[in-house]
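Two complexes come next, and they have one chain in common, subunit A, joined by subunit B in the first and subunit C in the second.
Coming up: the complex of A and B.
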């Protein structure tokens, strides 16, 4: 199934801004994070189709997954 | 109610606002009547404080328990070398007075905690969050929601920043309540998030995000334009990218209760 993955801030470095990627049915957010070699503890926000999602969320065909790093400085 | 009439000096000082369609004299009077709390008088706080002071916010509350250090000065432009070692709220209050003597500054030289946050936040109309840690962000966001105070919140790191505006106690055009901070981040991150002290921050990045946060506050007060409600602005200074990402309220969200 095809998933649109959008990355922001530091997650773009060495990766991409947005890409349509194929994953097997049953793929979770955690699987995509692992596939992209993103350190889970660096993730601040996870959106699936504009709504906050958890790492164990099972993605569906044509879902848009957005991953944001923690930006906690002020 | 405070007198919000504008003196001849104020009419001249704020003439470029008063000329603006959708702001004008009534908008300037709303700014004068406003009480805004800025949490954090550091990198983000610097442009927030300076632009809100210059804009003629009537009362500006400043929260910060820290003192000015040499390594702050690369980005915290509200402070000067002469003020190293002084409380940031005192240093910033001096700057506000120099910019605009009409602004009343209320100094809170403390760290917000569960015991004091409601009393302080409850005393203002709008809160703008320029803090440097997630526990305080969650505390401010939950309290502002419970007390029904609009919250403008920003974060930065390295070359990047984020900004959004939260009014989760209001209903949108569809009649449903608008998103809260916990619709972005359901819970505090595990472990300790990276800080500017660990990985650095391009000084001007806080200028960009802090200035945008000040714009959001001014828009909320005057009613101009569309604030970043249900929209997260992500700024990537490396490639000068500005992305706006829509987000929705989690239907399970409930208003926090004050402890």
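Coming up: the complex of A and C.
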């Protein structure tokens, strides 16, 4: 199934901003994180279609997954 | 002896007093709000002789504590009609503390047309008539002070907007690089203008380092404190690299980035105005991605932004500024936004109020959506020259919306709503509605827990837990705003217990007192209650603790949500 993966801030270094990628049915956020060699403890925010999600979230066809390191501002 | 200096602008006299014992444990916001609440009649006209303008460094200002270079300005606000505390970096907080000045209070109002400059040094305060810089913009004032007096003075100045007593006027503060920081919100520049003070200079020459009651304990606590700031990923790394503008992409993803005058929660050109894009531009052009607003800052959220030719354009280029002009006004070009930021600094106007006002002006048809060049023209040709249109714009978001008969006017208590949509981030809606300051994200930054997963997680899209979240944050913020510490210490403080603990230890070692964490939280509560009481007496009651109606009528993409919090639940905010 196709998943749009969006990366931000330091996660873009050596990777990409946005890419449509193929994953098998049943893929979780954690699987994608692993596939991209992102250290799980560095993840600050996970959004799937604009809603906060956890690492065990099971992705669906055409989901947009956004991964951010821990960041802040204000 | 800690001093309180009263400058009477009616008869141009100065009185230096010993700080009363009751004010001993107060600094920053706690002190400005206490003084305003005790001494300013709540029903007075904010621009009349009965208002006072108070500056107070925080409890730790002037010490070696990391990020302790902030200070507060307080008055009754001409924009909101409420009590107001605004705080700023720059060099002056440290200078005031080292001169042992606990509060600098401007009272009264000159009867004639003359304008004045005020000078503060180790011998006291002098008032002189000022003509040379009248009508001049802030950068010209800084140049004038440097050439006539000294490059090392702390400077607090108002631009043309303050002189004309506009609601969008701020008070600008010289920073370590000779550029500007601001007491941005609430139109405090208009209060300074109403007292006919063009600028204040502070000479720290002959002042002595802060005397610490227990230097060893202070040093030990200070090391722990600094370590917590450096260890936390937000204060230690994220803000250093990308600045606060990193929030553009985050809020876009979360669907809470108010766009085109709050008609959508996402902006299609978000990447072009993002923190990532800013970082790319800055590093490619020889700017500085990391920079402090005051001495002793280890977070370095500020930056120096240059144009494609490598010339300085602006510094302290903040998320809220970029959001207001970018997503809210639909300007998809960071370079033009930076140019506008520079013009706003020069004129002395609040970048949030002004940016949100221009989005409303675009909806009103005064200028086309996304037209940054026209914003610069309107600022220079209308606002700066105080033409009739310039005065309408200079009145702020509410003034423009009313003048043009609009209903989508994003303000609470007359102050523009900042960069987080309350329909998609409910906790910040509680803060906007209930804070004593009028719409102000910094008063209780629920974004930390609603979106950034700092200090736990509270779902931003439901009403559950939002009042409690906002209340706890507002109490903690009122306490932090009293210390002289940068509010961004809240990020480590929410996750690392030693952060606030060591801050309290530093205060104790500085003054030889024994505050507990409960005392500090108690201080935060007291500050909020003092401010709330002032507002009630000023005629601003619970019926104004609400968001504009359009948030209840219009849903926002992508989550298709409205503001639907029960008013009684909102009012329960004050149950503490």
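By our rule, the second predicted complex is superposed on the first by the 71 of 74 C-alpha atoms of A that agree within 3 Å, B and C clash if a C-alpha of one lies under 4 Å from a C-alpha of the other, contacts with A are read in each partner's own complex, and residues count from 1 in each chain.
Please note the rule applied: a residue touches a chain if its C-beta (ideal position, glycine included) is under 8 Å from a C-beta of that chain, and two chains touch if they have at least 3 such contacts.
As the structure is a computational prediction, the values presented were derived from the model and not from experiment.
Novice: Just from the overlay, do subunit B and subunit C fit on subunit A, or is there a clash?
Specialist: They clash.
Novice: So in the superposed three-chain picture, is A:50 touching just subunit B, just subunit C, both, or none of them (first/second/both/neither)?
Specialist: In the superposition, A:50 contacts both subunit B and subunit C.
Novice: So, A:10: does it touch subunit B (first), subunit C (second), both, or neither?
Specialist: It touches subunit B and subunit C both.
Novice: Kindly classify A:31 by the partners it touches after superposition: subunit B alone (first), subunit C alone (second), both, or neither?
Specialist: Neither subunit B nor subunit C is touched by A:31.
Novice: Does any part of subunit A touch subunit B in one structure and subunit C in the other, and if so which residues?
Specialist: On subunit A, the residues that contact subunit B in one structure and subunit C in the other are 6, 8-10, 12, 17, 42, 44-45, 47, 50-52, 66, 68-74.
Novice: Give every residue of subunit C touching subunit A within the complex, in rising order.
Specialist: Contacts found on subunit C: 233-235, 238-239, 241-247, 249-250, 253-255, 266, 271, 275-276, 301, 319, 441-442, 445, 447-448, 451-454, 457, 459-461, 487-488, 491, 558-559.
Novice: Which bits of subunit A are touching subunit B when the two form their complex?
Specialist: The touching residues are 6, 8-10, 12, 17, 41-42, 44-45, 47, 50-52, 54, 66, 68-74.
Novice: Which residues, counting only subunit B, touch subunit A once they are in their complex?
Specialist: Going by the criterion above, the answer is residues 40, 42-45, 129-134, 137, 154-162, 182-186, 189-191, 193-196, 201, 206, 232, 234, 236, 241, 243, 245-248, 250.
Novice: With touch defined as at the start, can you tell me which subunit A residues reach subunit C in the complex?
Specialist: 6, 8-10, 12, 17, 42, 44-45, 47, 49-52, 66, 68-74
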